[in-house]
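Each of the next two complexes has subunit A plus one other chain: subunit B in the first, subunit C in the second.
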Partner chain A sequence: MSLRVNDLKVYYKTLKGEVKALDGVSFEVGDGEILGLAGESGCGKTTLAKSLIRMDGRMRHTGGTVELDGEELPIGDDRRMNAFRFHRVSLVPQYSMSALNPTRKIGKMVTELLRSRGVTPDAGKLRGRLDAVGLPHEVLDRYPIELSGGMKQRMVMVVSTLLDPSLLIADEITSALDVSTQKAVAGALAGFRDDGLVKSMIFVTHDLSLTYQIADTIMIMYAGRLAEKAPAKEIIEAPRHPYTRLLINSLPEVGVRYAERKLAGIAGSPPSLLNPPKGCRFRDRCPLAFGQCEQEPPVVEVAPNHSVACWKA
Partner chain B sequence: MLKLDNVTKVYRVGAFGGKTLTAVGDVSFDVRPGEVVSLIGESGSGKSTIGKMILGLTPVTGGSITLDGAPVRPGKEYYRHVQGVFQDPFSSYNPVFKADRVFQMIRQAYYPEVRETDWAERVHATIRDVRLDPDQVLGRYPHQLSGGQLQRLLIARALLLDLKLLVADEITSMLDASTRIDVLNLLAELKERGLGVLYVTHDLSLGTYLAERTVVLRHGKVVEMGLTDKVFGNPLHPYTRQLLAAVPRLHAPWEDAEPVTDCLYHRGGASGGLSEAEEGHFVACARLDGCPE
Partner chain C sequence: MRRYFGRKLLVYGLTFFVAVTINWMVPRFMPGDPISSMVARAGASNPAAAETMRAYYTELFGLDQPIWQQYLNFWAALFQGDFGISIWAFPSPVSEVILGAVPYTLALMIPAVLLSWVVGNWFGAFAARRKALDNAVLPVGYVLTAMPYMWLAVLLAWGLGVVAGIFPVAGGYSFSMRPNWSWDFILDLLHHWTLPFASLFLVALGGWAIGMRNMIIYELESDYSNYLSALGAPQRLIRRYAFRNAVLPQITGLALQLGVLVAGALVTEIVFSYPGLGSLILKAIQNQDFFLLQGTFLFIVLGVLIANFIIDIVYVVVDPRTRAGMAGAQA
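And then the complex of A and B:
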């Protein structure tokens, strides 16, 4: 097993109290597995991604453990995590287009970054990776401002995977790309895995149709908790959690027009994570809710590798 | 309302600006009141550059952009009517201001006559329109919000103004399916009340949902444009077809589409002008004039 996350809790400190952004999440990612992670805006996807790499000052590791290749990740200890970052686990952050240093040419920046991590730059390897994501080599001679949003995004992706980390976390990296580039980048990611450059991957996206194309397993989160996790085909074709079902139903298809058929999102909004309600957190939006839902539904394996947290599943 | 005539943008790139790069070449289209025009094209095709020129954030190199007949004049009055929400919300936001402060600044600049309590009500209503809970988001700094929350606050900020035109550059790309539909429906309502929207997106299904007309851009040039139904119902340019084939779909694995590399038009061999293939449907494809390939 590459990654084993056990009852992980990560909260944010704020003046009004703690935001329980990740509140007891357990899952595993196997060797060679691509896990797609999806869920409503604000449900804790980025928090999970950051927790495995670098917690910012306001994040607090409140409970649970993370194990990578059999070794415990000291996620609450910024200094000890240094040995793991980039080398063993790497993150391509959401909105990474703003992460590039504007005053340095791209090529120079990459060299400096590698040196600062004690690695000798390998020009051939770098060029190979540019090819894999469809960037021309001459971007190395340009400044970040001279690249489009999607080009910057892909550049950060190249940098984050240069050291062949065991686990790669990609946070919404294809969201700003056009469909052809998206397809190329998703293909490149799967290729990194197929060629053993990275052992396993967490692919965060709201785009279920895209995850469906490359993920082996899909995990759906809701309000800081796991709602459902299953093999990609199974979760799309036979979802068991009411939230997953509604989410899949709200996907538009090419050709649907507002004027002809008005689509509807899921009514209501997710609960505040400052004081999340007891019981099932989806309760006040769930069409199937009943008395028992006032108690928290446990995560139950309803079929092999298919887990659901719902009393009705 | 908004009109682009033969707009061109050439950037100087490289250390001493020694090389040039034509990001946008000879683009013409318009956006009418109450109309959504979607702008589609691959990464680096010049979509954001067009958006920035409309907002006066970078000058045009050639051609002209006019709003109601007047050239783009960046400034308070212009921005009262024309706003942009861009791809990367973190860079559009001042990190030291909390959300409520940002909304206050709009009032001070544009609506000093509106009473504090009325303004608060307006802000709350707009924030709820973008599916956020005002109590949850207003007291927070940008870094305390999720990506999608921040993006929606930027939309709300733009909508508080007396807008005629919204340049929306991939604004829903970071939202989950359900929230995205809500934001799109909101745009559709605003459009029915007369707002014009230039909707930059890579997501063809979202483009078709809202837009009357679609412009497909490649390497800074328009390859196909016209009524959305026609452009996607009867795609004529090989590039448009390739885009459609690359759309990921549920229940079906990706189709393999031939990449457009060996097309006469793209090798620069054809004239490249747009011709009208059917009513309201224009395409710059030499095949129509008997392309040998």
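And then the complex of A and C:
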């Protein structure tokens, strides 16, 4: 088991009180597994991604543990966590377009970054990685401004995976890209896993159809909790949680004319996490809600590797 | 590269032309008649003698010619390095009077501008995000930068000069000395230089420190800083990168500030009766000395243009994006 997250709670400190963005989430990611993490905005997926590598100043680790390769990650302790960053856990950020220092040549920046982490730069290895994603070696002699958006994205992926981390977090990396580039980027990420450069990966996105293409397992989150987790094929073809079903129904399908059948959305919006409602957090928007939903549904494994948090599943 | 500098030079040439023209126009369209005041100063009581003097001076300064002719003459003389004869310091040529004042102004301005910039940037960058220091730097910086130059100058002159008696309050050197290359004289020069320098330096310092502090905080919040933090890079590296990026707007600010600082030095020089260009401008205005006024303004215009040109070159060196722009690429 590469990554084991156990009842993780991360709250945001605000003036009005604590926002329970991540409220007791447990899951595991195996060796060589790509976990797709999906859900609406505000469901806690970015909070989860950030918690695993670097919390921002407003986040508090309130409970639960994270284990990577059998070793506990000190995610609430910024200093101790530093030893794990880049070496063991790495990140491909949402903002790849602006992730590189604009006033340093890329090669020099990479060298300085590696030296600062106590690693001797290996030019041959770096070139090999560039070849793998189809970047010419000359990019090392250029400034970020001289690269196209797609090139910058690939460059950041190369930098992030340079030390062969055990866990790679890709946080909404495709949201700024056009559809054909999205597919290429997703393919490159899967390639990193296939070549054994990274052991496991968490791929965060709000785009279910893209996740389906590269993820082995998909985890759906809702309002800071796990809603459903299952192998990719199973979750798309046989979803058990009403939220997952509605989410899949709201995706357009190729060949269907939506003039005839209106594309369904999900009415309403996620609840405020400042004072989340008791019981199932989805029940206000759920078409199947009934009396028992006043109590919180436990996460139950309904089939091998298929967990759902719903009374009706 | 050549096209970029060609275009820049053209713009600077045009600016120079317009500035010189305005510079020529302003004193001439000012109310008052400088010849009358010269004649009056000579105290000629006989009307016929006064008339002869008037005719002599008018011809000497070329003021009898039509105005367009005066303008052309002005340009022709300018290219020969002839700025005319000063009315206030008659009969010394303007160029001589100015050259006597320029070293004082430059010795005051260049260290004040550059040192305040360097120290202010360094201090602002150091203070940013360091709680206790930051809380001290910000208010002190605001107080300093909000202070008018001359007010601080007066305060320093009064406090350290009149009350404490540590520094002299007027002049470029002691009245008892004649300029020469002895150590005594140089020490005396430095002694007189300290207070005007301190007043210019302190006021500028606050502004630079605040600007840099804010820029650094902005850069530390930027995406590349976050990315480096996520990869566990030490604060030292991140701050170094932030400084390099934050200093770019400060360089532009320096270029803009240069023009304003000349005016700042003007009042400071007057407060300390410092024999630089500022005092010269005041005397030229008081005596309706067209030629001296023109000459000093020309020097200031040249100074600002040269300073800006140097900044342009520096910018090309430090910001790769400017270089990309020169090659015709889109930023």
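To be clear about the criterion, the second predicted complex is superposed on the first by the 294 of 313 C-alpha atoms of A that agree within 3 Å, B and C clash if a C-alpha of one lies under 4 Å from a C-alpha of the other, contacts with A are read in each partner's own complex, and residues count from 1 in each chain.
Here is the rule we go by: contacts are C-beta pairs under 8 Å (C-beta built on N, C-alpha and C of every residue); 3 or more make two chains touch, one makes a residue touch a chain.
The structure presented is a predicted model; accordingly, all values stated were derived computationally and were not measured.
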item	value
Subunit B versus subunit C as contact partner of A:Ser51, first or second or both or neither	neither
First (subunit B), second (subunit C), both or neither touched by A:Pro102	second
Touching partner for A:Val179 - first (subunit B), second (subunit C), both, neither	first
First, second, both or neither for A:Arg117, with subunit B first and subunit C second	second
Subunit B versus subunit C as contact partner of A:Glu146, first or second or both or neither	both
Which of subunit B and subunit C A:Ser90 touches, first, second, both or neither	second
Touching partner for A:Ser160 - first (subunit B), second (subunit C), both, neither	second
Comparison of subunit B and subunit C by subunit A residues contacted	B
Touching partner for A:Ile236 - first (subunit B), second (subunit C), both, neither	first
Partner chain in contact with A:Asn82 - subunit B first, subunit C second, else both or neither	second
Contact residues common to both interfaces of subunit A (with subunit B and with subunit C)	95, 98, 105, 146
Subunit C residues within the subunit A interface of the complex	222-224, 226-234, 236-237, 241, 244-245, 248, 318-321, 324, 329, 331
Residue ranges of subunit A in contact with subunit B within the complex	12, 14-16, 38-42, 46, 56, 58, 94-95, 97-98, 105, 141-142, 146-151, 154, 172, 175-183, 206-210, 212-213, 236-237, 246-248, 250-258, 262-266, 269, 272, 274
Of subunit A, residues touching subunit C in the complex	53-54, 82-87, 90-91, 93, 95, 98-105, 112-113, 116-117, 143, 145-146, 156, 159-160
Contact footprint of subunit A on subunit B as seen in their complex	11, 13-15, 21, 40-45, 48, 87-91, 131-133, 135-136, 139-140, 143-144, 146-149, 152, 170, 173-182, 184-185, 188, 202-206, 208-210, 232-233, 242-244, 246-251, 253-254, 259
